[in-house]
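Some structures to go through are shown next.
Shared between the two complexes below is chain A, which has chain B as its partner in the first and chain C in the second.
Moving on to the complex of A and B:
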């Protein structure tokens, strides 16, 4: 029976009864096996949303994108991208520990990223916030955590779900519960920024002056680190541990290239992140290749374009203004270029 | 920010209302997806022309443990009315895809759950003639549940599958059991154990070694020593090798086996060649095993 393994969609289509209208729509034009991208955006969107798994993926990715864009914006401003990367790779030992303990993988992500955030946050505050101390501590934590993850895999020994999906993510198979828990977390994270966004911004741009104004700089940096850890853990569920930075760094860096205005920059960052995940998932859906690649490539392309626009649009204006005392906005731009 | 999030979520939620599970109507071919082609082949033969079966893992070169599903796999599973998975930790990826949507009851036929086997048990149940029989019963039962009016057709398909299609497979098992029961054999991976037991062979390779090969885990020094010694001293009459999962450890044992001139029988994890059906594939493996046993026994 050479044909035993193949679905004969054409016959399936003719055999359907009128009641199977929905199945017919899906099977029609081979949609179930190979949807095709067309110039008709409405048809593309319909194909994208024809399956619950894809709807879940899009909602989860959108939630994660908004969180990433806002948290990442502050992270880039505070030049803590390395800490962000470390907190993302925590997903690997986190997942291994969770599998070993027989609990859902997401718990492992949050426990490890949150825990490492506390260590990095508290450790670098006590020693005084020299960038070098934090980077060294972060690097040490990262190496230790990766080694622990490898050990835990060895201890578990059993069949493990492919490590590739832990590292590079999978947007297939996101459950409704997962979507709800991501949404709850996102509300918490955004509430954090709504509450302490202003003092955090002040502390991030100029810690010494903020301290003099009795802004609790230490408490803010530790709590921000924890929020960063939770955000990274959430992103890792969609993009995998290694590609978290595509959402955490690229969209805010893009926004900061385009505008010095804080509100606009934040909104641009969110918009960029949303466009990135939508395009990334859409391309993965239609081409049948990994979403991680497309999300990263889209993020990188948008960043390049913004950088080009930023270079063209900013240079002449700055020359026109000439030397002037540094402002908050300058702090922002410098952070984005160097951070 | 909250507004943007809420708006995006609301938009997608609205769009989501348009997409629900396909209802299984009274007629039409049943859409069945099998995670692996050994179960898919059986399901296709039991369903005849009333069922369309699509198997996801068909390539004998793929390691099913490490399969990474694609969006089209997710679509096929979502659109199917019955999804057959092996379970027992063998195809977690398929269960993950199934978790993405609320499933209608009885859609998933999980072989592990059917056989009451927990994760950690031997997942290779398609190598157990007894388990295969129970899966046949379960597949026909789910077809009949979804298409009660075609119960007679499915019953006839099952009878002919069991008595005609599987006749050669059962005869070979009986013949080997009768002639070679008690013969000591070695095996590289836990996949052969259910069949080896059904054949009455004496499986002297430590099970922990065969299990470690299947799971990609480390082999202890004591196990390695024992397996090597069994080969060197020619305590095993035949060495059964799963060519779809050859670890460096297995390759090493293989060389010792070769040096000791012990016959090697190669078996595979999934249908090989992929165009064969379950019983052709199993029968040709059994024939090779019988030939090797004969060569060893003289």
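Moving on to the complex of A and C:
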């Protein structure tokens, strides 16, 4: 799995599975020849799907995109992006520890991100959400995690050339087993939101009132943090630890720019995330540069466009309506309508 | 909340509607505190508090920072226990009938970036504690969802928020947000409304409008309203009674009984003067801040500043 960040096409070919030989021949190209974009979209798609590793990468990225879009939507709403970033960074020492211990890297991702989620979730809930306590705790955990990651790599010694693939991602080594495990996790994460989405929304927007309505705000906030940790660990397997935030933050932020409707916003977030990973992986495939870079750049570009659209479409309309000067009579008039 | 409970609630609502007016007030008080004392962290917040609030009364809870105004609301919600005395809320011990209480906590405005429509915020008051996920277009599929959508629409109409209910909440003004939140608190047709500083941070026009709205809710729906305020003046035309907390004790009565130099002096334990302006506004001069008051929200609010009865 560990490979240099900017993966050369030729490197990837050495990792081909037997079945790919057929695909290669069918495409009628020499093995060393790089794929190239053409105006013919069908040929582009054929090239993209010609190799099993690429199909795995696309499926894994799509699964991860859906998880990221939904979990990230709540994360942005709850203003826990910093915690989200820390949980993603935890994937780095997690992976390093797993490599050192000789177990699958994914275990390291999930153990470390999930563990840190429990620490941050339980530690910050006591003093209420969103305060300085959580930020300080989160920052401390993050710094310690990065340092630990580099230490573990040092202990492992020379064999791992650089931490770039752990930090910036490598989408070429995703196995069929990994795809299945990501799918199972995604089903679990989506089930979580299907079950507690509404109370979680209430607790996120208005914790005090939600408490008064007997919503278990603390339990929800800890369990959401754990779900965020697991989602971050899953994303890290595709984008690398440092670029997780691109998928967690940008699609929901994009959707929220475009609509204040909850359901539409969630769907838009999912759609944005999917387009982001597809475009990102496609561009990486055809240009031979790191997927992490393209995923991040596409996410950022879409967000910028959405902001622009949001500014153009919403603000002028709002100014036209203007802040209505409320009159004393309003309260009386409307209040007398029977409810 | 299953439909059975909703039916029960509707039944209670009808019963209350029938009991409106003179009959409703004759029933047991909405709130009863007897010799109530609260201790938090080893400090007595207040003690010996006697309150009996009838149905449909609009009562202001006044007092300096740290006097325990919000604590009083927490006691009524059952979130803070009394260390002495008894409390009865809507005929039951505190906490037992929270479903019949609408609560608006001390408000910070919604952060910019909370891209949720006002109408969805109101709706959370109705079904926010139900498990599940908000499904777009559910109203087209189930009768119960349709009924909830109708109720939300009714609430929006009630507080006059139709115009901005579909805007993201972070683009609404403080007054608009406050109206939406009052609508949210009214979702379950409460018999008791606890509002913690609903006028805080609003301009004078909005203070008057929100106060008028609250008064209309109290009289027309026979809802008892306890409203924590820092400044009594915007409330004066509408108030039935005040609970003035200071110096660890409480004075309860009509504004003209309580907000007087002798009563407040006795309460604070120092000489306090209540001045009345020509237009009837009241200014309290010389009231000390309670111990442990941090002046979080009103750094200028000391006795001499005295913009309102709260000092």
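Rule of thumb we're sticking to: the second predicted complex is superposed on the first by the 284 of 339 C-alpha atoms of A that agree within 3 Å, B and C clash if a C-alpha of one lies under 4 Å from a C-alpha of the other, contacts with A are read in each partner's own complex, and residues count from 1 in each chain.
One rule holds for everything that comes next: a residue touches a chain if its C-beta (ideal position, glycine included) is under 8 Å from a C-beta of that chain, and two chains touch if they have at least 3 such contacts.
None of the values given here were measured: they were computed from a predicted structure.
Using the contact criterion defined above for the overlaid structures, shared-chain residue A:175 touches chain B, although it does not reach chain C.
Using the contact criterion defined above for the overlaid structures, shared-chain residue A:215 touches chain C, although it does not reach chain B.
In the overlay built on the shared chain, the residue A:38 is in contact with neither chain B nor chain C. Of the two partner chains placed by superposition, chain B and chain C are both touched by A:194. In the superposition on chain A, A:58 makes contact with chain B only, while chain C stays out of contact range. Once the two complexes are overlaid on the shared chain, A:311 sits clear of chain B and of chain C alike. Here chain B and chain C are compared by how many residues of chain A each touches, and B touches more. Chain A residues in contact with chain B (one complex) as well as with chain C (other complex) are 193-194, 267.
Considering their complex, residues 77, 79, 98, 101, 103-106, 110-111, 113-117, 120-121, 124-125, 127-137, 154-155, 157-160, 163-164, 166-169, 171, 173, 175-176, 181, 184-186, 189, 205-206, 208-217, 220-221 of chain C touch chain A. Interface residues of chain A facing chain C in the complex, by the touch rule stated above, are 76-77, 79, 193-199, 201-202, 205-206, 208-215, 256-257, 259-265, 267, 314, 318, 321, 323-328, 330-337, 339. Chain A meets chain B in the complex at residues 1-2, 4-8, 11-12, 15-17, 19-20, 22-23, 26-27, 31-35, 45-46, 49-59, 62-63, 66, 70, 154, 157-159, 161-162, 164-165, 170, 172-176, 183, 186-187, 190, 193-194, 266-267, 270, 274, 284-285, 288-290.
Every residue of chain B that touches chain A in the complex is listed here, in rising order: 1-2, 4-5, 8-9, 12-13, 15-16, 18-23, 25-29, 31, 37, 40-41, 44-45, 52-55, 58, 65-76, 78-79, 89-90, 92-93, 96-102, 119-120, 123, 212, 214-218, 274-275, 277.
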